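Note that the chains are named A, B, C and D in the order they appear, and that numbering of residues resets to 1 at the start of each chain.
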Amino acid sequence: MTPPSNGQAAESNDHLVQSDNPEHPANLIPSLCAKFWTLGWVTGTGGGASIREDDLVYIAPSGVQKELMKPSDIYVLSLAAQAQSLDRRNRVYLRSPPSYKPSQCTPLFLAAFTKRRAGCCIHTHSHWAVLVTLILETQGAGKDREFRINNIEQIKGFGKGFEKSGNLGYHDTLVIPVIENTAHEEDLTEFLEEAMDKYPDTYAVLVRRHGVYVWGDNVHKAKTQCESLDYLFQLAVEMKQLNLPWITDIEPVTPRKP
Amino acid sequence: MTPPSNGQAAESNDHLVQSDNPEHPANLIPSLCAKFWTLGWVTGTGGGASIREDDLVYIAPSGVQKELMKPSDIYVLSLAAQAQSLDRRNRVYLRSPPSYKPSQCTPLFLAAFTKRRAGCCIHTHSHWAVLVTLILETQGAGKDREFRINNIEQIKGFGKGFEKSGNLGYHDTLVIPVIENTAHEEDLTEFLEEAMDKYPDTYAVLVRRHGVYVWGDNVHKAKTQCESLDYLFQLAVEMKQLNLPWITDIEPVTPRKP
Amino acid sequence: MTPPSNGQAAESNDHLVQSDNPEHPANLIPSLCAKFWTLGWVTGTGGGASIREDDLVYIAPSGVQKELMKPSDIYVLSLAAQAQSLDRRNRVYLRSPPSYKPSQCTPLFLAAFTKRRAGCCIHTHSHWAVLVTLILETQGAGKDREFRINNIEQIKGFGKGFEKSGNLGYHDTLVIPVIENTAHEEDLTEFLEEAMDKYPDTYAVLVRRHGVYVWGDNVHKAKTQCESLDYLFQLAVEMKQLNLPWITDIEPVTPRKP
Amino acid sequence: MTPPSNGQAAESNDHLVQSDNPEHPANLIPSLCAKFWTLGWVTGTGGGASIREDDLVYIAPSGVQKELMKPSDIYVLSLAAQAQSLDRRNRVYLRSPPSYKPSQCTPLFLAAFTKRRAGCCIHTHSHWAVLVTLILETQGAGKDREFRINNIEQIKGFGKGFEKSGNLGYHDTLVIPVIENTAHEEDLTEFLEEAMDKYPDTYAVLVRRHGVYVWGDNVHKAKTQCESLDYLFQLAVEMKQLNLPWITDIEPVTPRKP
C-alpha cells in the first residue's frame, strides 16, 4: 500500500470517532467546546481543545463553529507515528474529517502531550486572558513576561506542578508565563516549549494579545484549571479597575484550636 | 394573472418557508436569532438577520420577539424581481407572514446581497458596538468615522475582502467604517452603500448610536465574523476603561527554527 | 352563601389557572419569569409580573423563586370586583394558591391596568435600573427625578404614549420619571399614580434604589419595552463609566436621495 | 459488627441518595450546583452546598465539577453521631461515594446546621464576594471586618435573624461579618463560629479573598438569601466603580393616604 502523499490516511478510520459513550474523546470535545462557547472562550471559531488517550490524540478542526461541532468533525493522530516523522510540520492523521482543515493549534497541543504527558489541552481566546496580557504590557523592566497573583483562594485550583502531587496553597504565588504572539499560530510552538522548559511546573501559558493554553493530566484537571484561571484573570482585571494590587503580603492566620 | 397592488404576492407561497431541514433559511433564521437574543444582540425586537440562497432572500419581520420567532414569520423576496422594480422602496414579497410588517432593515440587507454577493447579513444592536461609536465621538478631526484596531489575534477571524481569498493577519489593522444614524432606518441605505464603495473590503459597517451590520459569503462566515467583531468591540471598550490604546506598533516576532 | 371574611374566594376556582395553551396567562407568567430570572431581573424572589385579560388579572405570588414558578402558584382577581371594594387594601381574589401570600406589587400592577388599561406589567430589580437611580442622586436641583436619554436607536422601542399611535423616534428624548422608595412596597402606589398623572405618556416608572415598573398594552409590548429599557439603563451606566453624556445635541442626517 | 476504622460506614447505604423525588436532597444538591455553576459561584470545583433534613446531612464531595454532579456523588452523615464523636475532625459518614474525598467545607456547613439549625448552607467563590472583601481591605481602623449596606430594596430579601420572624426593612443596614482566610479551609471553622456568636442574626459570613458562606432555615431561604447577597455584592462593586457610597442617610418617605 503506497502511503498517501497528502498527509491523509488511506483508510477513513471513522470508527475512531464513533462511540455511544459520552466520555469518548470524540463526543467529549464537542460537548466541552459547546460549553466553552457559552463562556466566551471560543468565540468566532477561535480557540479549541484536544484530548489524548494513550497514543491517540483527538483534535477539533480549524474554522469550525465550536458550539455546533460534531464527533465526525474530529481529527485523530498517533503520537508515536508523529514522533517518527522527520518533519514536525508534516502531520499524518489517522482520521480526518471530510470538510475541514487541521487546527493551527495542533503542534501546541502536541507540546503539552509530549513534554508534559498531558491528557487534555484547552486553548481559549477569553478576553480576560487577553486583557491581562495587555495590562502587563504597561509594566516595564520585563515584568510583563509573567502574570503573578497570590492570596486568593481559587489559586488552590492548580496542581503544584509536573510529576508533583498536591495543589498550590492559598498563600502561594501562581505564576503564569507570557509569550509574545506570532503572525502564524504554529510558530508559537517553540516559544511555548521554551516557556515549558523555563517554568516546568506551570499548567498554562498566556499568549500576548491572543489568549491562553491550559493543560492537565486529564480532561477534568485541564477543564477545572482552565476555569480557575479564567476566574483569576477576570478577578485580576476587575482588581486593576479598582486599583487593587495582584500581589500582597499577608500574615497567615493560625488556628487557635489545633 | 393581475399583479397584486399592495406589494403582496397573490399566492401564499407558504411552501417557501416549510422544510424539515434545520439548515433551511426559514428554520435557520429563527434558531440564529434565538442565539443572538441570548447574546444581547437583538434585545427588544431590535436587530435582525437575513439569508440569501441564489435568487431568494429570507428576512425576519419587523417587531418580532427574536427569541420566539417561527419559520412562518419569515418574508421571502426575489432579488431578480426586486432589481426590475423601478421604485426601490416598493418591494414585492413572494411570501409574507400574515401578521407582521416587513423589516426596515430590508434595503440594507439587500445592499449586502447585491453589492457584495453576500449569503447572509446580520444586524445587531449590541451595546458594545454602540459604545464603540460613542467613544469614537470623543475623538475629533474626522477620526470618529473609523473603528481601527490591530495586533489582536481575533482579527484573523475576518476575510481579507470582497473577492479576495485568505484572512487578515495578526498585525493587520482591522478598519470598520462608521456611518451616522438616520431618523428612519431605510434612509441608512445610501450611506451604507457609500461606505461599501469607499471600503470595498469591509465586511461590516458600524452605525453611530445604533449598532452594526455584518455580512459574509454564507451564514457561517457572517455569523463568525459578527461574533469576532462583537468580541473586538467588547475588548475595545474594556481597553478604553483601562486606558489601553486600540492601535499599537509591535515588532513582529520571528520564529528561530524555520 | 356567606362571603368569605378572609379575602379568599369560597370556591377554589383552580380552573382559572389550568390551560394547555402556553399563551394562557397562568402559563405565560411562569415562563416569562423564568426568562427574567436568567436576565437578573427577579433575583432572590424580587420583582414580578402580572397579566390582565379583560376583567381578570393574573399575578405571581410573593416570595416565590421566579425561575421555579408553576401555574398553580398564580393569584387571580377581578378588576370590576376590586373597583367596587371600598377599601383599596382589601383585595378579594377569585383564586388563590394554597401556600403563598399575595404580592405587595399588586396595587402597583392594578394602577397600570386601571389608569393605563395596560395588558401586562413587569417589575424588575435589575441592578442597571438601580444604578441609574443612584447615579441620578448625585445630580442636584431636582434633576434626579427623571432619567433622560436621547439619540440612541433603541429609544424607538417605546410607544409614543397612552392612546397615541406610533413609536418614539431616534432623536426623541425618552423620559422616565423616578419616584422615591418607601419602606412598604404598597405605599409606592400613590406615588406611582402621581407619576402616571404627571407623565401621562410614560410606560415606565423608576423606583429609587429599588428597580422599575414597566407596562404595555399587551405582554409583547410590556416585555419588549422592558427589554429596551434595561438595555438603555445598562448603556447609560456604561456611558457614565466612560464619561459620556446621556443627552446630546445632534444634527439630524438628511437622506440625499428622497 | 466492628466499627470501620477509616471513617467509612460498613454498609454502602446507597439508598440514602436514591430517590425519584426531585426535591430529595441527593437530587436537589446536583441541580442547585448546576445552576450555581452557571452563575459563576462554583467555578473550577470551588464552592459547594449542603442540605440538612432532620438528623441527616447531605454534602457535595470535594473536587467535583459542580455542573456535572450526580446523586451518587453525595456524602451523607448523621448530626447526632457526629455530635458524639470526641474528635471533631474525625467524621463518620453514613454513606460515601466510591471515588471522591469529603469536602473541606464540611465542618463549616455543620456549624450552620448545629449553631443555627439551618436546613441548607451554600458556599460560593463568587468574584463579587471576593471583590467586596478586597475593597474593604483598603479601609482602615477595623472597618474592613464588616460589609455594610443600607437603603437598597433587595435588603428585604434577608430574615431579621436567628429565631426572629419577619425580614429586614428597606432602611435597615445589612451587616455581613468578614473573617480572614486560612491556609486550610477546615481551619476557618472556629472563626466562622466566632462570627456567628458575635453576629447572632447574620445569615452569612464573608471570607476574605475567598468567598461567602450563606445559610437559611431551608433550601428556599438559603438559596434566595444567597442570590440577594450576590446581587448586593455586585451592586456594591459597581457602586464603588462609580464612587457611590454603600451607606447613606435617607429620610423615610411617608405615604400621604394612610
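Operating definition for what follows: contacts are C-beta pairs under 8 Å (C-beta built on N, C-alpha and C of every residue); 3 or more make two chains touch, one makes a residue touch a chain.
Quick caveat: nothing in here was measured; it's all calculated off a predicted structure.
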Taking each chain's C-alpha mean as its centre, the one farthest from subunit B: D
Angle, in degrees to the nearest 5, of the Cα rotation that carries subunit A onto subunit D: 90
Distance from the mean Cα position of subunit B to that of subunit A, given in whole angstrom: 32
Numbers and ranges of subunit A residues touching at least 2 other chains: 241
Chain contact topology (line, ring, star, complete or other): ring
Every chain pair meeting the contact rule: A-B, A-D, B-C, C-D
Residue ranges of subunit A in contact with subunit B within the complex: 40, 43-46, 65, 125, 127, 130-131, 134-135, 137-138, 180-183, 187, 190-191, 207, 209-211, 237, 240-241
Residue ranges of subunit A in contact with subunit D within the complex: 151-154, 157, 169-171, 220, 223-225, 227-228, 230-231, 234-235, 238-239, 241-242, 244, 252-253, 255-257
